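One chain, chain A, appears in both complexes that follow, with chain B as partner in the first and chain C in the second.
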Partner chain A sequence: MDLLSNLALGFGVASSLANLAFCLIGVLLGTLIGVLPGIGATATIAMLLPITFQLEPVSSLIMLAGIYYGAQYGGSTTAILINMPGESSSAVTAIDGYQMARKGRAGTALATAALGSFFAGSVATFLVAIFAPPLTTIALKFGAAEYFSLMVMGLVMSVALAHGSVLKALAMVVLGLLLGMVGTDVYTGAPRFTMGMNQFADGLNFVAVAVGVFGIAEILRNLEDEHDRQVMTKNITRLFPNREEFRQMVGPVLRGTGIGSVLGILPGGGAILASFASYTIEKKVSKNPGEFGKGALAGVAGPESANNAGAQTSFIPLLTLGIPANPVMALMIGAMIIQGIVPGPNVVTEQPALFWGIIASMWIGNLMLVVLNLPLIGLWVKLLTVPYYVLFPIIMAMCSIGVYSVNSNPYDLFAVAFFGLLGYIMSKLRCEPAPLLLGFVLGPLLEENLRRAMILSRGDPTTFVTRPISATLLLMSLAILVLVFLPQIRKRRDEVFTESDA
Partner chain B sequence: MSTKPKDGTDIAAGLLFMAIAAFFAWQGLGLEMGTSIRMGPGYFPMVLSAILFLLGAVILFKAFGRPDDEPIGRFAWRGILFILPAPIFFGLTVRGLGFVPALFFTTLIASQASVRMRPLPALILAIVVTIMSTLIFSYGLGLPFRRFGPWLPL
Partner chain C sequence: MTSITRRILLGSALALGLAGAAAAQFPERQITLVIPFAAGGSTDVVGRIVAERMSQELGQQIVVQNVGGAGGSLGAQQVAQADPDGYTILMGTVATHALNPLILKQKPYDPVTDFAPVSLLVLVPNVLAVHPDVPAQTVQELIDLAKAEPLAYASSGNGTPLHLSGELFKAMAGVEIDHIPYKGSGPALTDVLGNQVPIIFDNLPSASGHISSGKLRALGVTTAERAPSFPDVPAIAETLPGYETYSWNALFAPAGTPPEAIEALAAAAQATMADPAVVARMGEFSATVVASTPAELGDHVTAEMAKWEPVVRDANVSMD
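So, the complex of A and B:
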């Protein structure tokens, strides 16, 4: 069977000594930054991106992917032990996980999170392997109009899945698109919005924007009020769940995996939305919903499985269409482009070793995480006692090195400071940064495909609605927009998000 | 409490979006618009600016007659004062001073953003970070940085 030989190829690539090492480095780094609150996967990958340019394309993508799903594991440890999400996707885990820790079941909660994540990760990796190739054959039929409509749908989804005001998220997307216009126009070579500085002729540096909006803004938010953390370390006694607890886990883990796999594919949400949705559903189907918020095992097992499944399946749109589902995937696109790989449906056929190698490495990485995390839990917990005021100067040093090493342009560092301030002000005004970054990445692609489609159709804008795939995608975008503005849905959406903020 | 309720955060957000849109539109005036068959470099940005301006206006308009559900909170002034200059300093000095001194001062500046950081630990931290980064990035990964630049009498 084709799938088997492909997987064999993938495992062959991923299990070379060098790639195993980079996978290990990736998941260790991921766990580390996942455990430490105040530094997210997006900012870390943005900072490390330039350093991976020296590596082979496969190795660098394997490592970056490892950081991403490693952070999902690490985030749950912090959530359970100090009631503070190390990663935003673990926010829900904190609700019941921390209560379990207070009742002396920290070990069980940690093990549940790790095992659930491993199961979900394995299943979702398999799904990526099955569904990615057929999707690419569809994607190969895409013309400029279809790509334009697909990107519109991606941006609309990111708006629908953002926290808070839909209007503000829309505005952030448009702002991101505008920032993406900075640089030289591809068709005419005219400089745009560079304000006479030819350092910006190649556009704003993507790493600088990402580090500024996510990394620096996050540090500034954390510095608003500094307070001590309380670590629940003394309670880790028994790690492995007993048979009864295993029985309780099965349902939530299976449901979480399903929800996560589906939601991960959708652009904009990925892991974060998946964990929120899973928690809501577990609460609905539970026989005693009163347990939730007081240390329900299902409240840890479901969301943790869901966020890990979502983290894996969000690679599907990236690998098949070259469209990022979330900011981390946008960074992966950046990494591929700089490595000379054009993301999109051609990756499977032209770079089978890369494609299947990444997929196989995800499974290996998940296995490493489960093996590493349970015995090493004590070490990660110790890390939590490192005070924040020691961490952020280190982060700032890494930011500066990382951004500068992209193309040794000092202006990129000025851009970091500028976007740090902009990101901080925007977060103070309760505007989400994720839609902005997606808009920024997709902006140039969106414009190029729009202009190309218009030339091909000789200026007839109906090309977007007369081509069936394009029309379907646009209709779906419209439906999503109408849905989020409908009063009832809006109320539900607010509920989901407030519940997770509690 | 003022007599008429209004959402201060959204007023600020709306105005900011409108200002940014106006700025982009103004900067884009000199760009060729083209026709919708052959769009010029100014076409798409101008459309986007118009949309952003409209969205900003709607956010602003809707902010009136509704109370602020969450106050804007404190600003991390000390953080802004020390965190933001750190990368700028690095950018200005990395070529002149070289990687090692530039990184040392960058870390030192950034560490001052916290009220909890004492002078001596800050110094030790900056030294450790500089040594480790030089070992990892310059020697280990072989990134092409000048360790000590021409500004130094070495």
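So, the complex of A and C:
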């Protein structure tokens, strides 16, 4: 009954007129910046921090949280419409979402993303409310060895992201891993592949790489061929999913919510894996995996749900431990400190109104988002009819502003240009950008945790198999590997036989 | 353009500017405060509180710009190369103005000749803490434990003040403890809370919530005296006499900034730090207010460089 009275307290706080207003401002802003390519939640929250000085602590955190999950909602819009993911999670949505848009199903894809996100967000919020403290215990059981094995599993899954040649996908993963090595070595402090520029000392900026290989490359490709675009706008028949599509959505959304909720809890980069993991699983359980990469509804519904569920549950380590799971959460901690709240395990007991108020506001915010976004779908789809010579310069300008705003580092803009070109070359060679991004995101985590685990075990590699969680994850990776490669090998043998027959 | 001609041009432009602006009062437009770390960290929090109050003192808006990267070097370098007119200032730290210049082999700026000191604002203690399952209850017991079995400590990264606080501790206690660097305090704390790593050197503000809740046991603060916010936690110096490290935040302008501007900024900073509301907030944050004069900050930088030089050399920390 504790839970009920706590939730009642939370909804009491969150439904005050002022807090409802701040929640609305937050989700509105979040949607807006999510839709604008390149401008992310981190930059926006950093810009708004000074304003929160004047607000009540709970109002300011409700607003900032709204911006964060609102941006997760909005981010899928650009990924689907213009193949421009602003965050690692929407990189997966771009794969099938953009293909759906190209086939004239942009409205369906957007509605699927919005509904899936709403469901996942609501469920994950209740998970936060009920299980936050016990889940925290699990998160703390993850040490360097466990994270290493988790990242191995993520890398193994990345092969499934490919819908063409597995060899090319592997090459892209490796290229991504190498790009992830740019920057200062955490353990020795040696700069690697920075070409002597200390602007790259902290590595390449994810947003710059993502905007380059996906967005800019797509613009370059479209400039070649105006024809494609006609199809995109002409074939739009309806905006909302029909009964059959709703039926297809249910499974992926449920699985995505589960995966996202679990991985979101891990502060060391678990949430990054959520949408990738969901995509892999959907492709595996699908009756026609060949559809993936060509506009599969499940390829949008699953990852979008996973990413939104993860966005909600990543508040668990923040609220119960005072530990940031990502840069946005680090800003929220800053906001709490500015307000005189010491983040840590005591927040739940000392500031129950704050803790439960934020949780209740998340549910209200998710409801606002779906009400806000569904009617907007028609408007977003109309954006596709804007002529190239207007749309592209705007996108380019927005991207540049967005990328620059992350670190105020002009070298990030050079990186966008470089990766735009690289992305274009990759598309000519029929190499996928998604495995590259996954390698880029996972590489540094993989290396950091491998080396940390090895220092902690004093050079003993058996640490990865003697720790039970780590051993389980490695076994699961092995199983996935076998599942992925068996059909490949079989097919390959068939090919060999066919060739020898001929 | 060579740097010499550029300097001359800048200099003459400055002279012209000064002649023209002699009548006008500094500041006549908004000031940019560069914080050389990502938003949300302790330097950022101090910077934003100070910027807000100083804006009122100066009658002009101070805009905070986070230029993170390379352990604070990028932001510091940007201010070192900015126009020396007082409209671009830096929230410097022990990292930007003592440790990085000592550690980096290629020095992007000189902490003494490239900057005009404005005011040393606050000192922030660091803390040595352990997971509650670690048997050691005191600094002495931890030293004994380290002599008996292999231990490891977590820090926010290679070459950070926390890493060097740990190295100074090891050198003075005569023990060997493995250093595990993380990317920032957050992940380091996570692993110590989960007892993946037994020991941590952290900023007191970032660890304080975990210490008061009992999830971490503080063995000692790194300042010479006990911290007012944690009077029960002894100073490490009580066990290892002479041990003293702390982080600090100070305002710097580029070298060559007109003295009038420096004076105006220093006066505003001192007035800000005298405001009881600001002092109270810094106290919640475990930071001690100093609010020095420009000359005192200059001496402080020299003293810090002299103090850290042997520690950096003995710990054999260097970066290309």
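Here is the rule we go by: the second predicted complex is superposed on the first by the 264 of 502 C-alpha atoms of A that agree within 3 Å, B and C clash if a C-alpha of one lies under 4 Å from a C-alpha of the other, contacts with A are read in each partner's own complex, and residues count from 1 in each chain.
The definition used in the following text is that a contact is a pair of C-beta atoms (placed from the backbone, for glycine too) under 8 Å apart; a residue touches a chain by one contact, two chains touch by 3 or more.
Computed from a prediction, not measured in an experiment: that's the story for all the values here.
Is A:455 in contact with chain B, with chain C, with both, or with neither (first, second, both, neither)?
In the superposition, A:455 contacts both chain B and chain C.
Who does A:389 touch here: chain B (first), chain C (second), both, or neither?
In the superposed model, A:389 contacts chain B only, not chain C.
Going by the contact rule set out at the top, does A:115 touch chain B (first), chain C (second), both, or neither?
A:115 sits against neither chain B nor chain C.
Is A:187 contacted by the first partner chain B, the second partner chain C, both or neither?
both
With both complexes overlaid on chain A, does A:447 touch chain B (first), chain C (second), both or neither?
first
Once the structures are superposed on A, label A:151 by its partner contacts, choosing first (chain B), second (chain C), both or neither.
neither
Once chain A of both complexes is superposed, is A:342 in touch with chain B (first), chain C (second), both, or neither?
second
Using the superposition on chain A described above, determine whether A:33 touches chain B (first), chain C (second), both, or neither.
Once the two structures are laid over each other on A, A:33 reaches no partner at all.
Is A:141 in contact with chain B, with chain C, with both, or with neither (first, second, both, neither)?
Touch status of A:141: second partner only.
Where on chain A do chain B and chain C both make contact?
Overlap of chain B and chain C footprints on chain A: residues 187-188, 190, 408, 455, 458.
Which of the residues in chain A come into contact with chain C in the complex?
Chain A residues touching chain C: 42, 45-46, 49-50, 53, 139-144, 184, 186-191, 196, 198-199, 201-202, 267-268, 317, 321-324, 327, 330-335, 337-338, 340, 342-347, 407-409, 448, 452, 455-456, 458.
Quick check on the complex: what are the chain C residues that touch chain A?
That would be residues 38-42, 44-45, 48-49, 51-52, 64-71, 73-74, 77, 103, 106, 108, 150, 152, 157-159, 178, 180-184, 186-187, 189-191, 193-197, 205, 208-210, 212-213, 215, 281, 284-285, 317-320 of chain C.
Which of the residues in chain B end up touching chain A in this complex?
Residues 9-10, 12-13, 16-17, 20-21, 24, 27-28, 31-32, 35-42, 44-45, 48-49, 51-52, 55-56, 58-59, 62, 70, 72-76, 78-80, 83-88, 90-92, 94-95, 103, 106-108, 110-111, 113-117, 121-122, 125-126, 129-130, 133, 137, 141-145 of chain B touch chain A in their complex.
Please give the residue numbers of chain A that touch chain B in the complex, ascending.
Touch list, chain A to chain B: 51, 54, 165, 167-168, 170-171, 174-175, 177-178, 181, 185, 187-188, 190, 192-193, 195, 216, 219-221, 223-226, 387-390, 392-394, 396-401, 403-405, 408, 410-414, 416-417, 420-421, 424-425, 428-431, 447, 450-451, 454-455, 458-459, 461.
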